[in-house]
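Structures follow.
In what follows, subunit A forms one complex with subunit B and a second complex with subunit C.
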Partner chain A sequence: MENIREILFFLFAFVMMGASFGVILHKNPVKSALFLVVFFVSLASLYGVLGAEFLAVLQVLVYVGAIMVLFLFVIMLIAVRDENFENIGANKGKTMVVFLLVLAFTMQFAALASVLSSDDKINTKTEYSKTIDSAQNLTIEGNAEVLSFHLFEKYILPFELISIVLLIGVIGAVVIAKKNRRRLE
Partner chain B sequence: MEWYQSEILWSLIKILVLFFLIITGAGYYTLMERKGAGYFQLRYGPNRAGIWGIFQPLADGIKFLLKQETLPKHVDVYLFLLAPAISVITAVLLWSTIPFTPLIDLPFEVLGKSQVALQVLNPGSGILLLFAISSLSVYGVMLAGWSSNNKYSLLGAVRSTAQMISYELSLSLSIIGVIMMAGHFDLYRIIEAQNENGWFFLSVPGFLGFFVFIVALFAETNRLPFDLAEAESELVVGFHTEYGAFKFALFFVAEYMNMITVSFLTVILFFGGWNIPFFLRDMVSGMWWGPLVGVLFFVFKAMFFMFLFIWVRWSLPRFRYDQLMNIGWKYLLPMALIQIFMAGIYLYLK
Partner chain C sequence: MNNLFQFTDLIAILPQIILITGALLILFCQIVLPRGRVDAAVFISGVSAILALAISLFGLESSVLESIFGGAASSIKYPGFLDEITRLTKIYAFSGHTFWNPFASIYSFAILCCLTFVILMAPKILKELDLNLSEAYQMMLYVGAGLLFFISANDLMTIFISLELSSLPLFVLAAWDRKSKSSNEAGIKYFLLGVFSAAFFLLGTAFLYGATGTMNLLDISALVNENSKMTSETISMVIGGILLIMVGIGFKVAVFPFHAWVPDVYEGSITIVTALMGSLVKIGAVAVFFKIMLLVAKPFAQYLMPAVVIFSVLSMFYGNYTALLQENIKRMFAFSSIAHAGYMASMFYIPDTSKEGYMIHPETSAALFFYVFGYALTTVLVFGTIAYLEKDKPVTFESLKGLSKTNPISAFLLALSALSFAGIPPMIGFFGKFYILRVLLKSDQVFLALMVTINSLIGIYYYARVLFYTYWDFDKEEGTLKTKAFRSAGSWASGIILSLAVLILGFLSDPIFRQALSASYSFR
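Let's look at the complex of A and B:
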């Protein structure tokens, strides 16, 4: 069983690598967005392999089902043509900067990976149940329950703060859109 | 270990049974639709292939298979071919989480259990998985419209996407009341909760939720009165204008599969799934065929909603696009939010 898990991990990791290269290298914006969809779906599968099925489902539901649909919708509406993008490598300086950034990121990632691997292995088993109150022998089971316990009990303040940040984002978007409209009139 | 104790084998059997059922079901649903349309319009409908046109779906299938496969010149080939596949794959995958039967006693032990239910997988987040898969189906329509390189197709795809984004919100909000009352995402346990407390349809938040749910479903499945994506009087047939032969058949079949799925889903969420009416409960309790009676009721209730899709299609005219958006954002969404609030009050009072 552990073996299958490892095979699946490398399979999805491989797909994710390919897809993320597709996102940045493909010239057609619609196809770039589609590669991002593939990336999100395989990321969700990876969560599923790790046993976090609730997170996997939400990943697909929110990112693939809502956000990427909107992205694609906008891209299709404004109809960007291939010619709007210059060829990769046409601008030497920019290519150099991107290359260096990628290199720096890879090195950092490798350092992080070596630190993590020196420690215990990453826990591949999810907690399916959690004891809330050992005195009353209260336990909760299931992915969603454990997650919501953490969100609404332990991390309630950051959770609410994030929702306020999102609200600010929404209001900001409305304000910006309104400004443009007035100028047009 | 005996050879039949393999989990893979049993999943495979379930998958094959369900696949056969969904293909046949979709085929005969098209016949039901055509027959229904016929009687609504005072004609017979298909009646040549076999008695009551019983072999009509088979004949249609053969026709679609034998037609010439054409590929328009300026399409994006990969996406053009991928789009119908996505539509049909999501439609079939949706059936994986639906529990069609309660636990049925077996005369022998399988995988250490003596009971089995016709459900391929039962994840803890069942209903969410269902919505996640169904949210992928919009890509089929979208890619079909975009890759066809045709104005009408693109217009159909854009309309459909906007429609799905608007209505998916109301759809997913409308089931929150049910989830709150049942206390689970698991479809099996949602039905069991109704077994104890009565149908959710009969409670106030459940009734409101059902109303929003059923209206949003018509938009989600692209059916009249919300079929603006393929409005044939304006857009030829919208997103699948350029598709022919079996590629068209895939879109066609996926639509009918989706309608069957959502009919079953409606019954599961609001009408108690395989619950047996109270006057029959004592009679069948303890009998080995008891669960099968429940399944029979389940299918009958689902068939009513399948009929409802046909009924509405041949009775109502299409909405205008601005009307569609108004209904979605100004009426359904607030109603869904009120429904969540009422579910909270309901749970508090209970």
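Let's look at the complex of A and C:
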């Protein structure tokens, strides 16, 4: 069972690809959003496989719990109707999904087979990278500790920059979408 | 592990801090001031841009500073302060996330110059278009701060976030004219392609991180240059990562296969925003592209050199060929900017044949900087002129007829910048091309030199068309464009300074060139 992480990785990667194709190609916006939920959950599982449980929990809480609910609210508030894809008919869309999934599955199966057959596994971590190793040995509390340490000491500058990026997002959205711009002056 | 950060860390990002503080002050003024908010915003943004510009000069090599100002720089006695800052010119701050050295300093200087000129020109135009909101100036300051972080970042994470910080306000500015369909189109196109390119950049980052285990550019540089530590797997991952990052930044530089957004976005946005996009973003993206090539690409020259040559040659030919066919002036300059991106890209990876160890010819950095700086100044000048020229409908070649009679100043400035773009001797554009060709020939890149020469010749045709239409004595007595050139004091000031810079900066190229040369050694 040494290869269990590789097998899990390919399993979740496969589900993720299927879900993301579903997001793009499904006619019904609500179902597209639900496919996005599947995508986020499998992404969280991938974080879990990598040993970052805290990040996985956050992913589920923030994206699935908060953001997706907002998404669904917005979709429900505007009129829900099937998007009319004129070129990609319903059947064509389905064959497309099936075709792409089969393609993805074969590619991933080939990758998995090569991983299982080769002596040395896919070398995701080189001799320089100790980070993944050290993360695996951590408990959930340790995970959060490491994360906050990196966030507030080593990565303090990008962290602060992100806050400015978010501020720009808010201001930009207001400026572009506001009805009566005179009030802003 | 030391504390969060120290005072020196804040010194290293002082220009950025000033710009962001200015932007937040504008936001604050909107809440506090009952009226005159826009005027306050113009004032604050102008002051903070000029202040940041002055501070960015402190990163230059002091010996070169003295050669510019004579003994004046050293005779000013602010006891300790100047020394303190020049001593700190080569610092790596925030645990290696950002640096402040001559490289960052010269490119910051170029960016802040262009930002200041755009801020000086913008108010009158925006007022006439009835789009004069204080948020516009706030967004411009954010763009400047983001690009300053972009070029001084030393960590792939910081580079990515500052890339977002600089592009997000530009998406907003591109869609600034809400009533115009083309502006909306420009905004959404720029947004989608920006997001698309960010995805490429992130994937490349992931590859580099996977191969080396660090995101610090200098650490990556040290690792990849040490052959013993690289296996064949990691080498292919690093090459893939660098290529993906090249694609991501190539969208911002607008080299050939990633150019598709340029004409529509440049044409659709308000012209003063186009000036911002064409100059600032180009400088920042070119600087970061060059920095990454300089630091990481050295051991993989045989794989990356062909990609660079393809980018460069194809952008030159595509940009020039399509620019020949344009009737709309803004679109013509947009396509010619792709050709100019090609000339710049020819500098991205020039091996030094004379020496064994240092693979990039040290003069490439200097030549590239001089070209980019001259190009950006001319771009601000030309789009600023067009912005004051156009009224309600876009400027075409047809409408330029007889412009030298109705509006001699705008005609002169258009002709001046067209000549500079074409590379006619006294203008700054000539010296840029001269330095590029010199470096290309010095390092035996005859093919690229030939391509640059041929394309400069093609370019002369459509730039000369601008002169032809503005100055040729058509039968018509008067031109159709009846607008006055530069209708405000600020735009007059920046127009005069810019045209002087385009005219005479070439003769003063020596100190700039030496400064840029010293910058190319800042990473060693």
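The definition used in the following text is that the second predicted complex is superposed on the first by the 112 of 185 C-alpha atoms of A that agree within 3 Å, B and C clash if a C-alpha of one lies under 4 Å from a C-alpha of the other, contacts with A are read in each partner's own complex, and residues count from 1 in each chain.
One rule holds in what follows: a contact is a pair of C-beta atoms (placed from the backbone, for glycine too) under 8 Å apart; a residue touches a chain by one contact, two chains touch by 3 or more.
Keep in mind it's a predicted model, so treat the numbers as computed, not measured.
Of the two partner chains, subunit B is the only one touched by A:54; subunit C is not. In the superposition on chain A, contact is made by A:169 with subunit C only, not with subunit B.
When the shared chain is aligned, subunit B comes close enough to touch A:65, but subunit C does not. In the superposed model, A:112 lies in contact with neither subunit B nor subunit C. By the touch criterion defined above, A:102 lies against neither subunit B nor subunit C after alignment on the C-alpha atoms of chain A.
When both complexes are overlaid on chain A, the residue A:30 reaches subunit B alone and has no touch with subunit C. After overlaying the two complexes on the shared chain, residue contacts for A:73 are found with subunit B alone; subunit C is out of touch. Put simply, subunit A uses no single residue to touch subunit B in one complex and subunit C in the other.
Those residues of subunit B lying in contact with subunit A across their complex are 79, 123-125, 128-129, 131-133, 135-136, 138-139, 142-143, 146, 154, 157-158, 161-162, 164-165, 168, 185. Here subunit C touches subunit A in the complex through residues 1, 4-5, 13, 20, 27, 30, 37-38, 94-95, 97-98, 132-135, 138-139, 142, 145, 149, 155, 157-158, 161-162, 164-165, 168-169, 171-172, 175, 178, 187, 210-214, 223, 229, 231, 233-234, going by the rule given at the top. Of all the residues in subunit A, the ones that touch subunit C in their complex are 123-131, 152-158, 161-162, 164-165, 168-169, 171-172, 175-176, 181, 184-185. Interface of subunit A with subunit B (complex): residues 30-31, 34, 37, 53-54, 57-58, 60-61, 64-66, 69-70, 72-73, 76-77, 142-144.
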